[in-house]
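Have a look at this one.
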Amino acid sequence: MTSASDPHMAADDVLLSVEGVSLRFGGVKALSDVSFNIRKGEIRAIIGPNGAGKTSMLNCINGFYYPSEGRITFKGKTRRKMRPHEAARGGIARTFQNVALFKSMSTLDNIMAGRSLKMKANFFWQLFRYGPALREEVVHRRSVEEIIDFLQIPHIRRTPVGKLPYGLQKRVELGRALAMEPDLLLLDEPMAGMNLEEKEDMSRFILEVNQQFGTTIALIEHDIGVVMDLSDRVVVLEYGRKIADGTPQEVKSDPRVIDAYLGIPH
Amino acid sequence: MLYREAGQFKSTYASDMVVFRLKEDRAGLAVIILMAYALAFMGSDFLLQAVLIPFLVFALAAIGLNLLTGYAGQLSLGTGAFMGVGAYACYKLMTAFPDINVIVWILVSGFFSAAVGTLFGLPSLRIKGFYLAVATLAAQFFLQWCFIRIPWLVNYNVSGALDAPLRTLFGVPVVGATATPQTRYIVVLTLVIVLTWVASNLVRGRIGRMWIAVRDMDLAAELMGIRLLQTKLLAFAVSSYYCGVAGALMVFLWYGGAEYDVFNINQSFFILFMVIIGGLGSLIGSFFGAALIFIMPILLGIVLPIMLAPFGIAIGAETIEHLRFMIVGALIIFFLIVEPHGLARLWQIGKQKLLVWPFPY
Amino acid sequence: MDVLYKVLIEPFVFMGEAPDLLLQTLWEGLVSGVLYALIALGFVLIFKASGVFNFAQGIMVVFAALTLVGLYEKGVPALLALVLAGAVMLLLAFAVERIILRPLVNQPDIILFMATFGLTYLLIGLGELIFGGSPKEMITGALYLPQGTTELTLLGGPVRFQHLDIAAAIIASIIIAILAVFFSKTRIGRALRAVADSHKAALSVGISLNQIWVIVWFAAGIVALVAGIMWGARSGVSFSLQIIALKALPVLILGGFTSIPGAIIGGLIVGIGEKIGEFYWGPLLGGGIDTWLAYVIALLFLLYRPQGLFGERIIERI
């Protein structure tokens, strides 16, 4: 489905591959035998009707759930079990379907918290907030301010995020994920519940992140228009199975996808 | 017009990240600290011994619990017992090595309660909320049992109680029967100031953010690379350290000796109330809470009999004790309904109002 | 090796050698287990219907018993005092609903939990203020509760059964049975379960939350009154009973916060485990281990099964 001239063609370009992943909760099968890959530098969309297992898929990728079967290979390393914090250390960041910010903290602190992993000053210096601890705070504060500028939210810097409107919360959450400087960014419905203008802003940020920082992005989105515009390749899930995989054009014309979305009985 | 944010520009991130960004706040803090030291020389012995020293001790314990419950979100009902560990450790250390300064041992004894606290914090990985509260109750009752049953802890004293042997600092007695309230107050005040400053450093930096992250949304924190167990255990350790030091101060610089019973479950509850009423997740709130819960009953004991005397109603000490319980209980309910964020939030709102005064916003 | 022998072998040998003592210990554990279950039941009732973890349940037990005895001491006939104590619990239920629950509706669980702390202290202060702080005798005789002891020779030795304990076990069983029927068969019981599942859904089908709350707090108050009479008859009525009431927490952990059978089985495990542990292993540690054994049992159990005996496996979502 990809031509020889496709720059993403080379096999070592694969950042993450999912092979035969199944996920069971008791008797319920949330995912069955799903395989796909994500290439370095691309925007990969995961779409499907409600309950298709999209969020479960993301949860498997960053170690929140362990797949019952199958393998996930990230940066050439295959694993069966990985703790979420190990995934974060490996360079996977994400945002959540229902905003999962630290509500009582300010925007600034939320994004600073995203840099926890990058901060190294030991406990002793932290006690006195002196030397390396203070220098580190300043250095990271600077990069956080860059993210704040990039997302155009300097005015809410000190506002507790719990008080922000939904659209801005989503933006702060993106900022927090960006602060981790991830290799792979997982976005779970980044535009859910937004109006057209907010959607346009968010789309622009996603594209800029992808192009400026070269961050690979996997996103779940319901708005088909957005998906078609943003993504390089799309994987379609239905009832926990993969039913299509390819460029937006290919997927759009796939009869099974049309069935799934229009609800034609099988 | 004295209290304004306008015109105070910050040109470096470091100066933007200090605790008090306004010079008025910094000046206010300096005045309060100076006054606190001045009270050592101007206050009566009663004021120092019965009001200020216990207030500071409770404030320190409340800070300890606040770090754990307010910042890291782990409910603990074992504060009293952790304070006890500090007190007993301090007693063992200062009687085993009488030549080393007692201040050193007070600070070191905190490490023992930190170790015990960490041990009882281990279940926090698997259990949360109310369930964890029960785990800390296990700590409370088990440790209290240890205090009663292990005579080694009190050097086989027949009375089973901790006593305060004479210890000096620069030749001045600070622990023991001959230590004046003045000296003890200065020592306690200094330690509390230093430890409060350290706590504020911790909560403003990476560690504090990790604690709050775990409290607000533990799953998201974990997906951001924060290790839940380590973060929670660190909170248990630091919190218990503070409680341990507070316990040592309570026995040796306030009571001058104590029995196991001062570390009972009611002590744990009282400190929890201080934290709730003062404000979860606020250091200054710990001071407010300690002041309200501890000083209010003292005032009540003085004011009530005077108020009721004209009506010919004599009011006994016991009745005041009962009223104290009722009022504390009512205050908790009142504050939870009116301002779940405690006195600290009221303080913040007041300051905000003052910033824009005389305009409403 | 000697230590291991003393911990792992000797107690069991002792159990085998003197089965009558074992039976006696089991019986005592059973009775206190039933009473723990009764206290835990009060928690479960309130937790199921209002999602409030009612820390004050323990103090309600004391408060109810204190009211009963206090009224009797003031010259009210015993049975009338019993009815009046019930009325006081109803009054308390109304007050709690009006003053605490209604203003705090939709607050996080932890806030409501803390509010019940406040209630605890309020009730302690109020109880002591009205009835005095000194321990009281439960009016066992005036309430026609049986006294005395039957000694049976079982398994080669004398085993003593206090009549009061037998009565306690029977009355507690009856209360539990009534509640079980109430929950599963009556209209209010079904409404209660609906509220437990979802406040909003219950509201949308026209169930009055306020009414439900008053009912469950009253039911919990009555359960507390019964528990208070039974405990009071065994160990006097004073605020130190509060510590016993805290034992209901490990019971809840074992049984789960929402399960009535869980509360009963949890109560029995804690009651019997505690007595057996104290009798057979306590002396090795110098005695008195029943102050913390229940909590440690619950703690170890939690580490193994965080959702309790009857809870479902928790699947975390994000």
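Going in written order, the chains are labelled A, B and C, and every chain counts its residues from 1.
Following the convention adopted for this analysis, contacts are C-beta pairs under 8 Å (C-beta built on N, C-alpha and C of every residue); 3 or more make two chains touch, one makes a residue touch a chain.
Keep in mind the model is a prediction, meaning the values are calculated, not measured.
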Practice item. Indicate, using Cα centroids, the chain positioned nearest the centre of all protein chains shown. Key: B
Practice item. Could you tell me which chain lies farthest from chain B when each chain's centre is the average position of its Cα atoms? Key: A
Check your understanding: Quick one: chain A and chain B, Cα centre-to-centre, how many Å?
Key -> 42
Check your understanding: How many Å are there between the centre of chain A and the centre of chain C, using C-alpha atoms for each centre?
Key -> 48
Exercise for review: Give, as an integer number of Å, the spacing between the C-alpha centres of chain C and chain B.
Suggested key: 33
Practice item. Give the residues of chain B that touch two or more other chains, as numbers and ranges in rising order. Key: 219-220, 223
Review point. Out of chain C, which residues touch more than one other chain, so two or more?
Key: 316, 318
Practice item. Give me the residues of chain A that touch two or more other chains. Key: 64, 96, 100
**Study point:** chain C residues touching chain B - in the complex, by the definition given at the top
**Key:** 53, 99-100, 103-104, 107, 109-111, 113-115, 117-126, 128-129, 133, 243, 246, 249-250, 253, 257, 285-289, 291-292, 295-296, 298-299, 302-303, 306, 316, 318
Point to revise | Of all residues in chain A, those that touch chain B in their complex | key: 62, 64, 83-85, 87-89, 93-94, 96, 100-105, 109, 112-114, 116-117, 119, 121, 123, 126-129, 133-134, 136-138, 141-142, 145, 176, 180
Check your understanding: Within the complex, which stretch of chain B touches chain C?
Key -> 75, 123, 126-127, 129-131, 133-135, 137-138, 141-142, 144-145, 148-149, 219-220, 223, 265, 269, 272-273, 276, 318-319, 321-333, 336-337, 340
Review point. Chain A touches which residues of chain B in the complex?
Key: 12-14, 16-17, 198, 201-202, 204-207, 209-210, 212-213, 215-217, 219-228, 234, 281
